[in-house]
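Scroll down for the structure; my scribbles are underneath it.
Chains: A, B, C and D, in written order; residue numbering restarts at 1 for each.
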Amino acid sequence: MDNSLRLGVFLCDCGNTMSKTIDFSAIKAKLERLDDIEYVAISHDLCLIKAQEAMQKDIRDRGINRVVVAACSPELHEHTFMNVLQRAGVNPHLLSMANIREQCFWTHPHKEKAAEKAMVQIVLAINRARLLEPVEKAEIPVNQDVLIVGGGIVGTEAAIELSHLNLKTTLIEKEAALGGKLNLFASLYPLQITPEEVLASKLKQVTESPNIDVLTSAELIDVRGQAGNFVARIKRGDEEFVRNFGAVILATGYDAQFASQLYGFETSTSIVTLSQLEEMLKSPAEIKKIPRNVGFITDVSDEHSRISTLSALRNALGVKEKFGSEVCILCKNLKVDGAGLEKLYHDCRNRGVIFLKFDKPPKISEEDGEIHIQVEDVLMPGEQMALSCDLLVVEEMVIPPSDSETLRSILDIGLDPQGFYQDNNIHLYPTFSNREGIFFAGNCHADLDLIRALTEASNVALSAYRLLAQGRVTIEAENVMIDPSKCRFCLTCIRACPHNAIREVQVDHEKRVAQIVDLACQGCGICTAVCPAKAIRFKDWSDDQILAELELVGAYL
Amino acid sequence: MNTEGAFLPDIVAFCCAHSAYPAADSAGYLRIPYPENIRVIRVPCAGRVDVLHILKAFEKGADGILVLGCHEEACRHISGNIRAKSRVQKANTLLEESGIDGERVEMLTLAQNQGPKFAQIASEMNERIKGLGPSPVKPRV
Amino acid sequence: MIVAERKPLEAIKQMIAEYKKILVVGCGTCVTVCWAGGEKEVAVLSSQLRLASRKDGNELVTSEATIERQCERELVEGLKDEVKRVEAVLSLGCGAGVQTIAEIFQEIPVYPALNTKFVGMPQGEGVWVETCAACGDCFLDKTGGICPIVRCAKGLLNGPCGGTNNGKCEVDPEKDCAWTLIYQRLKAQGRLDLMRKYYPRRNFQAVTRPGKIEALQA
Amino acid sequence: MARPFKETLNSGKFVVTSEVGPPKGTDLEKMIHHIDLLKDKVDALNVTDNQSSVMRFPSLGTVLLIKEHGGEPILQMTCRDRNCLALQADLLLAYTRGIRNVLCLTGDSITVGDHKDAKAVFDLDSVQLLHMVRTMESGKDLGGNDLQGAVEFCVGATVTPEANPIEPQLIKFEKKVEAGAEFFQTQAVYDLDNFKKFMEYARGLDKNIKILAGIVLLAGAKMARHMNENVPGIFVPQDLIDELAGAEKGKALQKGIEIAGRLIRQIKEEAICDGVHIMAIGREEVVPDILEAAGF
């Protein structure tokens, strides 16, 4: 067949709803007079299979090589129509859409103006269609092994999930044993199971799985490469070795730190942190004097942390159970939005724990091992209440793990303003990093209770599975492409790419240029816009196509 | 362009496909009207918008330009919205140099579900550009 | 790399005020890398000039070309046909590029659109700093690889002046005092003896203007 | 006739010098008045060279005037405005007209002055300038050519004891000593404890170097704060600022004179260094008051 343009325009009046305000056959007649138009069809329901089959047949029978659909928003059905093109034997990227429903008829009540605008939008879509380029698919092999950094409960759970999915993992942990924070917990309320039992059952699964290779006292030194083909250097004692992975999961958890500057006092024998209390609860026999009155202070930092709330509540119950003391929890806010947390709160109340809500931080003084607290309950403004206890438990700030900055620079990923890992887009892709093939799970990137964190472990395992399960990935080859003859290797794009998807390649023995890694590219087009040599072409969103949509500005409306 | 004698500006809105474009759709779902003379151009990220696109839009007759991207710290492509912001600043300067009021270009952020906000932005821009009058470099048709 | 900066549009407009057709020429080497004169900047300037001319009631016609290196005769000669079609050439090259074009197309006026600033390196996105004065008599062996000739506002060779201000330069508090940096680096390397040495005045004629280098034929 | 400055320096006497700032223009009346006022009250008068990069009546012309009026002048030479040919030629002239003292400085940056776009020369730096004088004394010029008739000068240099960081400044100080500086004039000092530390270091380096502490007259709390914020290497302690601020209205200058006098007296009584150099910056007429406040 010759290479001439043969455009097919498919108009959809959305179940006759739009044809009430506009004469579709008039539009059709106008369009038919334009150059290169092979076919114009009016449909009422292009979103239905039957209409799509007809469309597919029209494309095939009439040798249409560019398709314009004027219908609803591409956000809804762009993929649908791309599939139609695919089935009709036309490259799916040769589709151009005019959004005449959401962004025209539904929003512009003035009939004539809406009709006029629809026409402009269709003509623009046609002009854009002329400039479209095919983007071919390609398959590339990926390494199926997964590296999990952090052998706490979340990392361990992710490894177990992946082993069930038959993917091999290397689980590296900087401490000498797996388990992380769970080793320090005295209880797991509201769960009835103990931390020891949870860990024992998980570790058994890990040991029994042929798919999990555990490296304790090990750390990640360096990672090169891209999704599907990461090359990691791992250090264990004096030994350093290299392993290849297709994906990396970070589950490095959090650290807890007592912020004395926030409280204005230091810890002592009568003032302990939640972590110290957990130690006491784990071995109550070692305690010289069981406290009669225990006070908790939480959320002084105003972070409304789930971890802190959960920790205060379950340890208050722990104190009741192990020491039988009177317990009072002073808080600014409690975050009880997790599964079972509301019940945990009620359990505390039912066991006699008193809650006191403050707005201004309480005044604390210590005298002969006795703690005096002055606090104003928000329900009784203006009234200073005086309490005393022989053990005061203070919350700790949840801070990023000490190695997060190191891992950030090794993996070239982002940190949020607090220093936790930065999600790609917190709403859309909560477990994705800014880089393809690198995922986050658990408290290293979000404030989660245990159940949520374990859910994330499963989610992240599935995300890795989706990427690696087939051992090869279908990608869109060279949708964004750097012309090696125009590239000046100025590094602008490499520095600007938010997904770290551009690498340098050697063209011949002397010339090096930047090159897009198709699997890692997420199609934002930032590189295309920043290139000072205009050497980067984004086929789906080329300058020509964008400029084509600027034509006729001023000519119609 | 000028149907009833009154000045109807040509406004181009470059809309990020992850935020502002669905927001414009959402205005449609909610049947919230905004001026017809806003032309939405879908881009994969506000960071795709080049200063050249903005300059050329004026060459082609635009009276005002909006670049609409994701809210800060919620950009689908991490830094695309921040880049768009600084690029619009650059475009303001380049346009001022050419004798065109830099106020004709603005970068704003939106979330997918902010249909009413989109309509409000579109209407406000329309009023602002009406106030400024036609672009001084509008080609004569 | 040579670092340049676009002249203000007003200055460029005045240079080319009398012409209706101009060729805007970019250079694909240093000035592309420093975002001043690559294909992108050629397009931006051309667009700006067209807009400005239309604003003034004229219609300037611009054509655009970017060649690999404006300072090479053979590469500039490739512009022959395009130059014939215009009244003037506007170069977004460094001073060497402008002069090469002017030398080869002597019949046509050639104007500089850039100010060639210095030899430097990038310091973060979109920021370049001067690091070499092209003095012709490199001094870096004595200063731990930090050039006081260009990075000290006064180009001193024997240590800081009295204007060191918390390690910054009195002339510009944004800029580091080069001699503080040199001191810190040499100290870290255990080579402070280099700083204690006396250095006589440098040879200001190491490059006799205009500079010229003749290497043996390869 | 005034005693040659070199003799004064070596006499063991507590040395006092002051400064004359030439005017912009040819009306020299006020400056001549200052010269006459001060020439017999201090051991030498020092003339600034286009101070703060502001173009003025030349230093060389002024030292000749001082000489005519019977004072002992010190010629300040900066490297900013002249290349080594001009600097050498000026010294030849100065020597033939009886000038015997030179203070070698780098010079302020061009950009702080009133000809901001002028070319800064800096053919030499201050250490090289000291070397230049010594070379000329040996009968050669910087090009290695013989001079028909050499020169001989008492050469001084400057140092900033409050520089931050101080170490690079001290290395340069050592280089100036090695290059043959016989006396040093310091940047303004107010914190004498810190200055004592510097002096300890300087004495350890070379006992024979004469050091004159710089005394800049504080005309008020505002000026003190301004200097703290804007002049590198000057630190006015808070108690002095408070003292100035607490002065009665219209009496701030008087307080400044009192403070300067007190500092000088303490330096002299505790023999912290070899003398002082008083910089009254535009208020030369009160220098006698400062001296009086200091007990001279």
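We adopt the following convention: contacts are C-beta pairs under 8 Å (C-beta built on N, C-alpha and C of every residue); 3 or more make two chains touch, one makes a residue touch a chain.
Keep in mind the model is a prediction, meaning the values are calculated, not measured.
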Give me the two chains with the most inter-chain contact pairs.
A-B
In whole angstrom, the CA-centroid distance of chain B from chain D equals 63
Rounded to the nearest Å, the gap separating the Cα centres of chain A and chain B is 29
Separation of the C-alpha centres, chain C versus chain D, in whole Å, is 40
Distance in whole angstrom between the CA centres of chain A and chain C is 44
Two or more other chains in contact with one residue: find those residues in chain A.
496
Residues of chain B touching at least two other chains:
52, 56, 139
Two or more other chains in contact with one residue: find those residues in chain C.
40, 43
Pairwise, the chains that touch are A-B, A-C, B-C, C-D
Which residues of chain C touch chain A in their complex?
28-29, 32-33, 35, 38-41, 43, 66, 125
Once bound in the complex, which stretches of chain B touch chain C?
51-52, 55-56, 58-59, 94-95, 97-100, 136-137, 139
Which chain A residues qualify as touching chain C in the complex?
486, 488, 490, 492, 495-496, 531-535
Listed in rising order, the residues of chain C that touch chain D in the complex are 153-167, 170-171, 179-180, 182-183, 187, 192, 195-196, 198-201, 204
Contacts from chain D onto chain C in the complex sit at residues 80, 84, 106-109, 111-112, 120, 122-128, 131, 142, 158-160, 163-165, 167-169, 171-172, 174-175, 178-179, 187, 232-233
